[in-house]
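Chains: A, B and C, in written order; residue numbering restarts at 1 for each.
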Amino acid sequence: MGNKSLNWENKDTISGIIMLLCGLGYGIMVLKIPGTKSQLFDSRFVPSLISVLILIVGILQTGRGLIAPKEKIEKKEFDKKTVICTFALIALYILFYSSAGFIITTFLFLFLEMNILTPGYVKKNQIVYLVISLFFSVGIYYLFYFGFSIFLPGGLLDTFL
Amino acid sequence: MKKFEKIFLMGLCAATILSGCGGKKDGGKDAAAVWPNKPVEVVLHASAGGDTDFNARTFGEFFEKETKKPMVVTNMPGASGLAATESIKGTPANGYKALFTHSGPLVVNYVSGISDYDFKEFDVACIPAIDGGSVLVASKKSGITSLKDLIEKSQANPESIIYGTEFGGFSHLQVLILQDKTGVKLKLADIGSTSEKVTNLLGGRIDVASIAYGSIKDYVENGDMVALAQYNGERNPYLGDVPTAKESGVDMEMNNPYIIAFPKGTDPVIVAKMSEIAEKVVGTPEYAEKLKVGFSQQAKVLTTEEAKVYLQKIEDEYMQYKDVLRNTTK
Amino acid sequence: MFELFGEGLLTALQPYTLILMLIGTAVGIVFGAVPGLSTVMGLVLGLPFTYAMSPAVGICFLISLYIGGTSGGLISAILLGIPGTPSSIATCFDGLPMKNNGRVMEALGMGVVFSFIGTVVSTLALIFISPLLAKVALQFGPHEYFSIAIFAIILITSLAGSTLPKAFFAALMGIGFATVGLSPTDAVKRFTFGSPQLVGGFNTLTVLIGLFAITEILLTSETIKFSTKQEKIEVNMKNVKGFGFTIKEFLEQKWNAAVAAVIGIVIGIIPGIGGSTSNLIAYNVIKSRSKYPEKFGTGIADGVVASETSNNASVGGAMIPLLTLGIPGDGATAVLLGAFMVHGIVPGPLLFKNNASLVFAIFAAMFIGAFLMLIVEFFGLRIFAQVLRVPKYILLPIVIVFTTVGAFALASRTFDVIAILVFGILGYIFVKFKIPQSPFIIGFILGRMAEENLRRGLILSDNNILDFFSKPIASVFLIATILYLGYMLLRYSNKFMKYRYHKY
């Protein structure tokens, strides 16, 4: 017999626990849906069914992960810093999209993100990045304004546009 | 010290005077006088290709001819019209963004409880067109030949005839009023919008429905469907030979007005201007022709006060059915 | 009859029309290729331009846009691993690996040629057997829609190539996200937390963008700084003649193409579902029929062929109910319907009688559009591949910008832009834990259809659930689903038992 202890670090276990949390979260929110007393198949039916099924699936998955033998996990090359920076930049870009406006946020996003992603061996040409950022932020804005009559958020530049 | 105080006081006075002089750039009398001096955006609750979209774009075409400024259409479908109404509710009332919709989102939604507010949450400018093209049709399979026939058959056998609709929507209200005025009971089924109604009528899964005439014209012509009645007070000349409900002895009149509404607090001068423009547009023969060809609509207009009175009237009428509308599935 | 056919053909072949169709094809391909912009969006933007054109010309223009857009999605699917439109989701699964294996021209070539074939085959179906096929559309009521939606979800979930719990989790989450908003039938606000934006629910395009585009840039950022030299994907241009593959390879795909085309046509005919669903179903069906299912996802032509043939076949398929019944087969044909109505023409059973030359012009336009797409993409193939020369650290941020624009353009709300962030986080977590994406997407797309039609069917059947089995088509799909599910669960528990007991 192999090891009897439960494997909590296994990816399957972790994903299983995430599933359970999702199922629970969804299930709790389902309780807020007003139900219809006389009917089984009302607006609560499908969401309730889904939350129950997610919980079942979560149990299966967690179980599967827990009984898996402990394996040595190889650490893959993973540049945490870049991922977090990229994610943060995208989040800021999107959250300020409307208030600061499309042109400003797009310009900043493009310029900064290109800088963040450039691999070490490449010499960063800031002029190129600047030109590209400016071209696309202003270009797309006016393309959609004049070409498609879709008005991207002007934000802080609203008074000038 | 005294000198300093004097200078400070003078500065304060100057500042006060200057701030009074500047005035609001975007609001105030000047803005209303030059409106429109840039493109006006209308937000629609419907997506491109339908009758509301067509109506808005056609109106916009003639709006531009009148004012030399374009009218830009933005489609914001979703949540039975709430997406569009919410968007306009929160938008600055500067006269350059308005709602172009019909009584579905602004009246029926309130009656059915989908929306907490009605048209009074906005500054209604006018009604630029009224859609009187909805027709009550029956499938050939149902064997129903006229409105009178429908009434007789369902009195003999209550809830045997299936009426397909979208619960909470305009056609749902139509059938509730019809049932009320005729005393009959039909079986109501949530079936979807025009496409689903047509498919299920042809497939024999529902017996009757209310559909825009344009969509079922061919079927009436080749006999797959029978047009039982139109809901207008007087016959809409573009609907062919369909009797009105009143002609068949049912005292019912119901049609769907399109509404142009600004966010609350818009300068009344701007609101009045939009209303005047609408009057001019509707008076144009080319506009009337386009409406007729496109969706068999007659060109009619109601100005600001007329529109509000009309909307309140129909809202009061619909509110009688509020509980039934909200409780169909409960 | 022949004069009308000639008349229609002539209208379509006039220089003015041809030029417009060329523009339409090119515009369509661009909208299809750029992630974030979609075919439907292109059609909606093009629609107002057609109001001023004559009906035949306007509709021909839109058709060429439709065809171009549907096929354009394969370009970014293969080059970037991000589907350009929902119709090319499955193309990523094998298209991207093919590119990574140095077979990018073959992938692109296969995709383009089989898109062409899909369009042509479905157009032939449209021309010769549409009245019969239209009857198929009429057989689908709420019970049938529910059954086919459930069947499709179960099918794709079980074939997702991952362990069942994970695949089902993905599907369930997809359906769960689809429940956000107003519930079908009684319009109850679900999971809206008092926010008027959430009342509208999420949009498929935002799911797509988040799940693929945002995830892709996050994945890239994991290792991009470690790359030591420009890892240029060897675009082997020397031996590439024509479309990048041999006649032998072409013929090997004939049965895949045939099956995929049929699936695409049928799904296109059923109103309400189109290319976005058929590509996933065709991919999975062909995978399940294949002699080497384990190779799917590693980069084989079969995957690309399945996806691209079916999505373009759905174009012709969706035109069938549009022209014969006046009922749009999918989102794009709904816009086309608007184009008809604006000119006072209502497609339907009498369209052929009253407007035969227009109908023939449309048939001609479908063929011409297919050829134009083939030609434009043929010349474009080499240009598209050059996109790979642009370094990822410049290309990906620009792609992200376009996706936010596409999301915003849906309804001019920033809510949709924020939604892509939400689905991006979700997508990244999914990839990290090897949870498959296709069940999520199909669950999202079809989840609402399933619930809506379940409830509608129950209303028609007076809450008698057994009534679903009294309807032939519905019961076929339901029984197939139950059997398939049972089979899958048995296999899983067998595997699980082996896994458990043999490890010790």
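Note that in this section contacts are C-beta pairs under 8 Å (C-beta built on N, C-alpha and C of every residue); 3 or more make two chains touch, one makes a residue touch a chain.
Note that the structure is predicted; figures quoted are calculated from it, not measured.
Chain pair with the most C-beta contact pairs: A-C.
In this assembly, A is the chain whose CA centroid lies farthest from the centroid of subunit B. A summary of chain positions shows that the Cα centroid lying nearest the centre of all protein Cα atoms is that of chain C.
Inter-chain spacing, taken between the CA centroids of subunit B and subunit C, is 33 Å.
If you average the CA atoms of subunit A and of subunit B, the two centres end up 38 Å from each other. In terms of their C-alpha centroids, the spacing between subunit A and subunit C amounts to 23 Å.
Each of the following residues of subunit B touches two or more other chains: 73-74, 329-330. Counting partners per residue, subunit C has 185-186, 412, 455 as the residues that reach two or more other chains.
Counting partner chains per residue, subunit A has residues 36, 39, 42, 150-151 touching two or more of them. The part of subunit C that touches subunit A in the complex is made up of residues 45, 163, 165-166, 168-169, 172-173, 175-176, 179, 183, 185-186, 188, 190-191, 214, 217-218, 220-230, 391-394, 396-398, 400-402, 404-405, 408-409, 412, 414, 417-418, 420-421, 424, 429, 433-435, 451, 454-455, 458, 463, 496, 500, 503-504.
By the touch rule above, subunit A contacts subunit C in their complex via residues 1-2, 11, 14-16, 18-19, 22, 26, 29, 33-34, 36, 39-43, 46-47, 50-51, 53-54, 57-58, 60-61, 64, 67-69, 77-79, 82-83, 85-87, 90-91, 93-95, 97-98, 102, 106, 109-110, 113-114, 116-122, 132, 136-137, 140, 144, 148, 150-153. Residues 43-44, 47-48, 51, 137-142, 181-182, 184-187, 196-197, 199-201, 271-272, 325-328, 334-339, 341-344, 346, 348-351, 411-413, 452, 455-456, 459-460 of subunit C are the ones touching subunit B in the complex.
On subunit B, the positions that touch subunit C within their shared complex are 43, 47-51, 53-54, 57, 73-80, 82-83, 86-87, 112-114, 162, 167-168, 189-192, 195-196, 198-200, 202-203, 205-206, 214-215, 217-219, 221-222, 224, 293-295, 328-330.
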